[in-house]
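Have a look at these structures, which come just after this line.
You will see two complexes here that share chain A, one where it goes with chain B and one where it goes with chain C.
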Partner chain A sequence: MLREEELKTFVDGTTRYFEVAAQQPATIGSPYLLEGEPAIHDYTGIINISGKREGVVYFTAPRAMLTVLLMKMQESDFSHDSMRDLVGEVANTISGNARRDFGHDFVISVPSVFAGDKPQIPQQPGARAFVIPIHWRSHSAKLVVSLT
Partner chain B sequence: MSNAPDTVARRPVRLLIVDDSNIVRRRIERSQQFDDLQVVGTAANGFEALELARRTDPDLVTMDLTMPQMDGIECITQLVRLKPAVRILVISALADKATAVEAMERGANGFLDKPFTDRQLNEAIAELMY
Partner chain C sequence: MQLSGIDRNRRLLTAAAGIVLAAVMSLVLIIGFRLATQIRAGVAMLQQASELETYPAVVAEQLTALRQRLDTLEYTGRVHAELAASVSGFDRDFGALEHQRTLDPAAVRAATRLWRSYAPVLAPVLAYHGEPYSDTATSSALSRNGRVFYAHVRRAELFAAGHTAALHRELATVSGALQAQTASAAARLRLLLSVGVLAVLLLGLAAAYLQLARARGEHAARAAEEQTRDILATVREGFFLLDADYRIGAVWSQALTHLFGRSDFAGLSFEELLRDKVSPETLNTAMKFIKLLWGDRAHENLMKSINPLGQLEVSMDSGRGGKETRYLQFDFHRVMGPGGVKHVLCSVGDITSTVLLTRELHEAQENAHAQVDMMLGMLHSDPLQLGAFLDGAAASLKHVNAILKEPARHHGEFSKKLGGLTRELHALKGEASALNLMSIAQRVHHLEDMVAELTSRSELTGNDFLPLVLKLDELLAHLRGVREMTLRLTALKEGPSAAGSADSAAPSAAGAVGTGELGTALHSLARKLAHDHGKDFQLTLNGLAECPSAYLPTLKDCLIQMLRNAAVHGIETDGVRRAGAKAGAGQVRVDFRRLQNGYELLFEDDGAGLLPETLKAAAVHKGILSPEQAASLDDRSALGLIFKPGFSTSEQVTMDAGRGAGMDVVAKAVYGLGGKIGVSTHPGRFTRFKIALPAISETAVA
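And now, the complex of A and B:
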């Protein structure tokens, strides 16, 4: 069963990216349990986790949010590659935060990045998926944590 | 009486930026605020970094750790053999202590967590080079 402090590590990794890179903090909405199809936006960074826990954590964001985030970072390249790059960096930060907090109990993969609404997200049998809405400016993304 | 000039021109600090993210490479290039720091190259993986280091003779390298083809830890090991005097600032999201220790043992001189602010970047560079 996922513990609250474990969930907090993933949430903090996500909000930290916005706070530091864009100098504007993100807020989180009320978490809920995912039922049915994965909740996916335009770009998704996925981290696979094994060891003490098994499963997947992913950050998925709409293009509009990533565009504004790039602008706040003084970027002028809003290409598809830049969007992938950015969502990968957010996922990297989530992954790094988890490594720092969990140490060797968790084996955390290098993030993989997908574009489009049908990325292949590995499902762990029996794992419940928690969805944490991430609000930043007028946009919303999702952090999904699904671990056994 | 000497004809030597009053001041000796100091060679700029030559910076090589290594990161597989275009966004991060541009960020470092844009955010550094030192007049005498010159970006001599940018590389997206360890192989490119070593090739550029041979050609550009950097004084300072900012080094990501998680990169395709050759990661930062392996690149640091080879870079230190190639350019023993080079200073290496690791800039990585892998913020755990074991990773930082391993990078330092291989020859890195400093460690900066991602994401970073402009101020944090400049302080980390200043600590290594000035």
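And now, the complex of A and C:
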């Protein structure tokens, strides 16, 4: 079973990105268990995890949120690639946080980034997905943790 | 302690050696001074005595010279004056010699006697004044006085010639004695100086030895200090001493820095150490315990057994801007001194991994026990009833997840979820208890605890709901396990042919539970409640078959909650019933019947009834009503309090009562179906619930 500390590591990694990159912390909404299809927004950064736990963690955000985030970061390029890079960077921060906290117990992949509403998210048998809404300003993204 | 003892002895020895050295040197100096003075006086006297030795010869020569001058009629004044000066000098110096106590008195006496014998013959010579000659025009000759003077001089000359050698000898004897004395004093001084030098050498050696020993001791002390420092820097436990003011001493192990995320321990009070890490209640208990440790009568082993900090849950900075939970183990040992408890040695260890492992083991054991119990229970249960429960539980938890999924950003939105979660979970726990599925009931109870804890918080965020959703996941996994086990058991019961198609034979369909199964479940629940709460009562069910299947799930929820309420709050214990002249076991009666315009459920127990004043007091205690509001409430409205969320007359929360969710569940379920609920009571005699449900179509009834 996933432990609270482990779940918090991923959550902290996500909210920390907003705090550092945009100087405005993100808050988390009411967490719940994913039922049915994965909850996906426009851009999704995925990291695969193996070792002590097996599964995926992904951050998925709508274009509008990423646009405002880029503006807050004083960026002027709002292209498709910039969005992909940004969501990849968030996933990278989550991954770095997890590496720091879990050490060698977890083998964490380099993030892969998908655009669109049908990304290929590998399903881990027996793993239930925890959905944690990430609220920043008036926008909402999702962090999904699915590990055995 | 040993080192300081050695050090103290060494200091004492050094001080004693110093004192002895000072005393010896003082003695040597004092005696040496006296001897030196004695030698100086002796030398002076020896000089005097040597000079005295020459006087007899000088006096004799001067007398001869005086006589020769008189013979040749020469001037005698100068020689006479020299003779007088010599006799006067001899008298003076000899007198000084006579007063020396250190001289041999016999030798001095002999010389004195001899010298005094000169006096009669010298006196007329020295007393003579005037010119001894008488002159004429042609010659000079001795005058008459001159001839007398000449005779005296001649007599004195002859006397001196006869005694000079003897007097010289006596004076030489005195000089010899003086010389011997001085030599003896000089010898003593040499001896004294030798003793002094020897003493200084010995004391110097002793001082060198002590210095060497001290250097060795200091080296050992430095080595011991270094070892202590290495131990304190390496040991994984936190060690420190507490003084009588409960403050940490100057020496502590490095592990404390890691354990508490700070390094300013010296002088820090124990209270400050824990203040931000534990709840105020825990801190209060911990401080009371620490104070007890300083009592002389406190028995250490007994104190150890009541140590409230044996496994302390603390909230620490995670280093990532957040908090994390750790478990610390504090152990205390009293350090006794002559006046009682001197310090309290405190050791702290991080036992987080041990606690978590133990918890996992415990959970695994519980799961194993629960699975065995579950299997035994399921062997005696109707698979259809069990399947219906599992379907219902899945639906309930789906609803719980749906409540969690509702968007929330602020405290109000988060807080709003809690009421719905409480009702849903409480109903589920009731059903699980009714089927004697205690592993499920306990898990749901734990979830209820978590929700209740969140209800008491003044500020809620999404972070607070993370443990809840994890627990929900755990409960769902457990239900999945139970379902799998049910399928296997069903397959076993139905034989090998059915085993292969267990999935298709899965008990399912929420409505599949019939009134017969409901009756069986309620009787089972009644027996369990009677056993658990030490009550004796009989459950009578009438007309459940009249209940349309569409109402059956609601009827089941309501009856379970009301039955639990009746068992816990309504039916009295045997003793109380006998005292109230009530005959036999308690009675709980359920009547369901179809009416022209709907359905009616009557639920009645012949227990203690409801006392409006008790209900009002409980409502004030729970903060549902102010004392003023409670005072203005009439009896009918007071009875309505039992349907308020969170209302309970129980002080403690148990598996069956105390959350104030039971009748809230009933009321919400009845209102949800468009029905009504009423309550009537007679204190000491009965409580009766009357539920009216609307009519539904025949197809639904069927």
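By definition in this document, the second predicted complex is superposed on the first by the 148 of 148 C-alpha atoms of A that agree within 3 Å, B and C clash if a C-alpha of one lies under 4 Å from a C-alpha of the other, contacts with A are read in each partner's own complex, and residues count from 1 in each chain.
Just so we're on the same page, a residue touches a chain if its C-beta (ideal position, glycine included) is under 8 Å from a C-beta of that chain, and two chains touch if they have at least 3 such contacts.
Small disclaimer: the values here were computed from a predicted structure and weren't measured.
> Quick check on the chain A-based superposition: chain B and chain C, clash or fit?
fit
> After lining up the shared chain so the two structures overlap, which partner does A:97 touch, if you call chain B first and chain C second: first, second, both or neither?
Both partners, chain B and chain C.
> Mind working out whether A:73 is in touch with chain B, chain C, both or neither, as first, second, both or neither?
first
> Return first, second, both or neither, reflecting whether A:29 touches chain B, chain C, both chains, or no partner chain.
second
> Quick one: angle from chain B through chain A to chain C, Cα centres, nearest 10°?
80
> Classify the contacts of A:16 with the two partner chains as first (chain B alone), second (chain C alone), both, or neither.
both
> Taking the superposition as given, does A:81 touch the first partner, chain B, the second, chain C, both, or neither?
So A:81 only meets chain B here.
> Determine, under the contact definition given at the top, whether A:48 touches first (chain B), second (chain C), both, or neither.
After superposing on A, A:48 lies clear of both chain B and chain C.
> Classify the contacts of A:2 with the two partner chains as first (chain B alone), second (chain C alone), both, or neither.
second
> In the superposed arrangement, which partner chain does A:132 touch: chain B (first), chain C (second), both, or neither?
Once the two structures are laid over each other on A, A:132 reaches chain C alone.
> State the minimum pairwise Cα distance, in Å, between chain B and chain C in the overlaid complexes.
After superposing on chain A, chain B and chain C come no closer than 11 Å at C-alpha.
> Using the superposition on chain A as set up above, list the residues of chain A that contact both chain B and chain C.
Of chain A, residues 16, 97 contact chain B in one complex and chain C in the other.
> List the residues on chain B that touch chain A in their complex, please.
21-24, 26-27, 30, 66, 92-99, 113-117
> What residues on chain A touch chain B, complex-wise?
16-17, 20-21, 23, 70, 73-75, 77, 81-82, 85-86, 88-89, 92-93, 95-97, 99-100, 103-104, 110
> Considering the complex alone, what residue numbers of chain A touch chain C?
Checking each residue of chain A against chain C gives 1-5, 7-9, 11-12, 16, 19, 27-33, 35, 97, 101, 128, 130-133, 135, 140.
> Which part of chain C faces chain A closely enough to touch in the complex?
Contacts found on chain C: 318, 320-322, 324-325, 356, 398, 401, 404-409, 413-414, 417, 461-463, 465-470, 472-474, 476-477.
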